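In the two complexes that follow, chain A is the common piece, with chain B as its partner first and chain C second.
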Partner chain A sequence: MTSRPGFVLEVDRSTPPTLLWHGSSYRLEKFPKGTRILYPPEPQEPLVDPRGAIEDALENPVGTSQPLSTLFKKGMTLVIAFDDVSLPLPQMQAPDVRQLVIEAVLEKAAAAGVDDVYLVAALALHRRMTEGELRHALGSRVYDAFTPRKRLLQHDAEDPSNLVDLGTTDQGEVVEINKLAAEADLLIYVNINLVSMDGGHKSVATGLASYRSIRHHHNVKTMVHSRSFMDMHHSELHSSNWRMGRHIAAQGVKIFQIETTLNTDTFPKLFDFLSKREWEWTLKDRSAFIASSKSLQASPDWLSRDIMHKIRSPYKLTGITAGEVEAVHARTLNKVFSQQLVTVEGQTDILTMGLPFVGPYNVNSIMNPILVYCLALGYFFNMYVGKPLVREGGVVIISHPNKAEFDPAFHPSYIDFYEQVLTETTNPAEIESRFEESFATDPWYIHLYRNGNAYHGVHPFYMWYWGAHALDHLGGVIVLGGDPKATRRLGFQPASTMMDAIEMAKSIVGDDPSITHLHSPPLVMAEVI
Partner chain B sequence: MKLIGSLKVGKVKPGFPYSKAQIPGTLEVSRFKDPLGTSFDTSWARTYAVRLIRAILIDNVVRPATKVIASPKVYGVDRLKGVSGPVIFASNHASHLDTPLVLSNLPEHFRHRCVVAAGADYFFDRRWKAYLWSGILGAIPIERTKVNRRSAEISTQLISEGWSLLIFPEGGRTPDGLGQNFKGGVAQLAIKTGIPIVPIFLEGTYEILGKRSQTLKPGKTRIVFGRPISPDQKDARELTASVEVEVATLASEVHSDYWHAQVTKHQQPDFALAPKDRMSWIAEWERSASVPKRKKKPIWPPYFGSSRSFGTN
Partner chain C sequence: MRSLVIEKHLRRMVSAKILADASVKRSLQWGPLALKEVDPPKIPTSDWLRVQPLLSGICGSDLATVLASATRYFEPLVSFPFTPGHEVVGVTSETKTRVVLEAALTCIPRGRKPCRYCALGQGQLCESVTVGDVKQGIQIGYCSSTGGGWSQELVAHRSQLWPIDEHLSDEDAVLVEPLACALHAAATTKVPKHAVVAVVGAGTVGLLTVAAIKYLNPHVNLAVVAKHPIQRESALKLGANKLVGQEELGRSARRTTKAFQNGDWLSNGYDVVFDCVGSSASLSNSIKSVKPGGEVVAVGMPSYTGIDLTPLWHREINLRGTYAYGTESFPKTSVEHLDLSKQVSHIDTGDTVSIRTFDLALLAMEKLKLGWLITHKFPLENYPQALEKAAHSGSQDAIKVVFDLRKAKSTSKGTNDL
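Now for the complex of A and B:
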């Protein structure tokens, strides 16, 4: 059976209410007649033999690379870097694709007698992964073999002794990356390309870089000129990373890139209805929806959050390519687009979206208002190729409870950002110039980042810059069902019902607006023509 | 009071997700994995093996069964002598019994090469129904409330392949036994394909199993075949009207005689199957008087043990 492509549905009288994420729960919302709903393509058929496909990719690399087994020499230093806990979302059912790939690589290395092997989690400025998360991503066999020997490491962007300055690009961007990775005889990077933004030169140039280096592309100017950063050919973020990546290669760092693509089979059988089209819900789906949504709504926040974060996705491998970075990434992009892209005719006045319980930066944690902002305006808004789905001066309506709740262990600097920065201004450029430096260099945040499980002090700023393009483009943002105080703190308007939100939006975009709803899960990307 | 209130609320049919969602009207049906309605593929029911089984079933089960239940008396078969090609049989419609009754009493050379136009929304809305009716009666799905290209395409194609079509132009069973106005689809199809329409008047099935009947009450029926009407030089509206008048003439003919029917047809203005005043009791009074009835033999001998017998003594 082949998967059906995505499509745009025009709402009429007989269209059933549409599923909308609302944080840790979901609800059904009736849209006005004429609303367009963007339904994602169905999950693609997975590879029948993933281990065979991995083996094949490693031995038949693309671009100028040689087969992996010929790159291994006795006595060499091998570093295997891998994506951190921010991918995939939610975490996938064991075995994680990183485990499958890394095991295949390690078997080859062992066969070639390569003993000096390190595994490095490419955290960039993200929090350190916990033991449970590392075991889940790599498998206990890998974890138990490397951790006691101190060969399973997590990249530390604030450790001067383990960073190396590789000079600057022709644009004056500082390239400073993990020393161990840069000086290894071979650096293998294992990617999970969930969306088109992931992978390519961004893997090493961002994932293994320091704050000094990352600040050159994670800033307001770059973000406003990344339209969108899901489309690398029109993304300043990617241009900067590509310059850095090519500079790293020119400095003699030998990189063997492995990129994997997953299908969009995001939720296990019990939650099948989340990814189905509403009119195709069976009795079982409807019962599951009623039972789960009622119980999640009746549960306290901590419980519903805990339940949802325990979900493991049945993602399946749809493709793997290995070899030279740019050649690999070109193939990966085609695969990702073939899974997620839907063609949409024309922009819309109002774009609506339901936000789920998890984004890249709150795995096993709370989604605080800054992350709500980032997920909506940074990620969902940018899920386009060509033109934004919503017109310039249009309105985005977000469905999320948006409570001012924070995780002090994972997001300490977010709390201060919310209380000290957002109370002053929400303008990204002003925030960058007035506050970034002090948060980025704060010794307490650096200590928590290096020794605890905290995001770097500058991370909430990056979240805010992530939405800079959307803020620049939009006429207003309305949070449906959002906590009024927290919503106003972000500079948005709260609304209690969808009809209220649409009426409020009319005061910005005018009467008789066109409305488009981004139906998720699973992930969908709009090609606006 | 609260209980009563909640009971009242409970009577309202709950919407989605408590009941199945409707399919959005803006969707093309071809998006579905297993299409029903007009998109249901009935070609399997016209394969040789299925036709053979259906022919055996109609001749040996359906025909004897309708004889027992409806005791049909067939008139006007002589008018179809010499008519060989595909035709459209257009009949008035009062009961689910109409289709098996007409189908099993068609002249032999039409009986096993005839498909039945059935409402896509009623007979093809569930998979089991779609397979059952297309298999047993050779039904094809027709959209009866709106113009549907797919319905027209199926019918045209089958006619071009030599299949006759049995269709009920009233668009549904009569709710009260009285005739209804004919819809234009039959005429359009006849004009498009150039084949004649054979009017059929059917009587008595409303009493056996009418639209509101809960039980089957065996009785007597009449099937009257009319002369084929050629679609030449007629527009659809005109042709629809002449088919309706012809069916009404057949009704008049079977109730009186051929000459009286012809006189009524030509002399009575607005002569039609549907009564002029549907709300009047007279129309139903006259209709029920002419319906064929079975003579019932009393279970007990007359006057045996009755009050009347006492009276005569």
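Now for the complex of A and C:
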């Protein structure tokens, strides 16, 4: 049975209210007649035999790579890097695909007598994963085998003793990556390619790089010229990473890339209705919606957040490709697009989106206002190829409580960014020039990044740059149901109802605007023609 | 003459105290302050002059007294009934000279031989505030012999009157006294040239402290905790380098000095914090936000506070009060940017210069022209509205509220020229 493709629904009198995410809860919203609703494709059929598919991919690599088992030599040093806790979202039901792949790789390595093996979480400037998160991603068998011998490591972008400067690209970009990975006889990188931005040369060039290196593409200029960064052929972010990746390969770093794709089966049975089209809701779905939404709304924030973060997605593997980086990634992109892409005719004046409880940087944590901004204008806005779903000068309406709540353990620099930077300016270029270096080099943030579970001091800046293209493009942003003070701090306008928000948007885009709602998650990407 | 008078009336004082938190209006209604027809104060000695106030400020300590929320510490140091008002610009009755009032009632006004502090120019520490030619009272405005600024006439000793130039407006002039207090706080605090400094609170005292710090130490990096929009705008106008939210002082200290932090412990922090609020919360935050070995200066009048002094002990913080004004001494190199030589009280002793704080305040006011901080003026008759406005100042877009005694009846709302 093939899954149904995504499609664009035009709201008419018979259209039932539409589900709208609102942080750790959701609600039903009636959109004006003529509103387009972009529904994601249904989850693709998973691979019937994931372990068989993994074995097949490892032994039949693409591009110039040789089968993995032929790359192993007794006495060699093997480093297996893997994506961190920011993928997938929400965390998937066990076994995590990283566990399946890494177990297969380790079995092959063991069979070949390779025992000098390290596992490295490719954190870039993200927070260190907790033991629970590592166990979940790798499985307890791998975790318990590697941790006592200090062979399960987390990349430290601030450890000068374990970084190596590989020189610069022809554009002068510093390439500095994890020394252990760079000097290994073989570096295997295990990806989860949830969206088209992930993978390719970005895996090593960003995931295992230092701040000195990452700053060459994580900056305002690059992000404004990444239209979108989900479309690598029009993304300066990717161009820079590709230059770095090729440079890394040219320096003799031998990389065997493994990329995996998942379907969009995002919610477990209890929350099945979240993935369904509203007119297809059964009585059971309606009951589940009412019971869960009322309960979540009545719960204190910490409790509803905790409940939602306990969701484990029943994602299933739909594809795995291994081998040479670029050849692998080309196949991966096709697979991701085939799952997520929906053709949309023409741009819209107003784009609405309901933001869920989780984004890449608040797994098991609070989605603070800067992450709300980033998820909306960095991620959801950029879920396009071709041209943005919303026209230039258009308005984005975000549904989220947007409270000024922060996790001091995970996001310490975010608090200071919110208090000490956003009170001065919201202009990305000004923020970059006036404040970035000071935060990036703050010894306390570096200490917490290296020894605690904190995002790097510069990370909130990257979140802000992530939305720079959208800020450049849009005429306004309205946060529906957002805390007024926090919303204004972001430079946005608060609105209490959708109708109010649309009326406010009209003052920017004019009367009789076209409206499009991005019905996500599950993930959907627009190909605007 | 008409005068606002506070009498020692226990029932009314208790009523004012109880009602103050709920309603300033009710507290005033049932409190000890009343507008009365009274005889002008008698001239104590021939060295005293009659002064007719033009503008008279409402100070935080006045409010605390009127609303009976002040500590009882001052009770033995005042004499009832008294007319409040110690921030005064007025004219002398005889020569019609425009003067500002140095309100402190120290040895000289009291006809006493200078005590050990007054002899050193440190009148703020005077030993004689309860003895001499006038009744007890730390300042005019708390003494039943002298009257006070919230009336049509008071008496002041010649030594307390500072003639002012015509180019200082009445509005500038009435702020000379509180500016002198702020300058005293700044001048008595050792602030390295490029120090990082915080001022907590941006009411009149806080803003004048900002002005004073920047006047004496233009190069310091100054953060100001300001709550209300008008306070934030004013702080920036006065030279604040950064605005900080009420709850953000500790984090701001950490960021500014790139300190390490564990809980409330900071490895570094502001060199100096001037606390112009005086509450338990503000003093606690100030102590936590200053660097180890740093100094917290209590500028505003504090009252009963409950503070965890563990960080003060552990981090060897100095907590120091500053009160009123006296004589300030500076290393010559630190005030090269100021031309003190023309001031009458200026004394050059080689490496050090000293100057009366009031003289310094007059010089500073000529440059700073801070009269714009007066946002509201009321006639005496409208004292309930005036005091209510002053009590809610920042939240009601007010900074400094004064009584305007230049006309018999004038209800003029000050223009906010921010």
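The rule we apply is simple: the second predicted complex is superposed on the first by the 529 of 529 C-alpha atoms of A that agree within 3 Å, B and C clash if a C-alpha of one lies under 4 Å from a C-alpha of the other, contacts with A are read in each partner's own complex, and residues count from 1 in each chain.
By our rule, a residue touches a chain if its C-beta (ideal position, glycine included) is under 8 Å from a C-beta of that chain, and two chains touch if they have at least 3 such contacts.
Only a predicted model underlies this, so the values are computations on that prediction, with no experimental measurement involved.
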Evaluate whether chain B and chain C can sit on chain A together after superposition, giving fit or clash.
fit
Per-residue contact with chain A, leading partner among chain C and chain B
B
Given the touch rule stated above, what does A:423 touch, chain B (first), chain C (second), both, or neither?
second
For A:279, decide between first (touching chain B), second (touching chain C), both and neither.
first
Partner chain in contact with A:2 - chain B first, chain C second, else both or neither:
neither
Using the touch definition from the top, say if A:64 reaches chain B (first), chain C (second), both or neither.
neither
For A:443, using the defined touch cut-off, is the partner it touches chain B, chain C, both, or neither? Pick first, second, both or neither.
second
Which value in Å is the smallest Cα separation between chain B and chain C when the structures are fitted on chain A?
36
Of chain B, residues touching chain A in the complex
16-18, 20-27, 31
Using the touch definition up top, name the residues of chain C that touch chain A in the complex.
242-245, 248, 251-252, 254-255, 258-261
For chain A, which residues count as touching chain C in their complex?
415-416, 419-420, 423, 442-444, 447
Using the touch rule from the top, collect the residues of chain A that touch chain B in their complex.
4, 7, 9-17, 28, 278-279, 281, 283, 286, 289-290
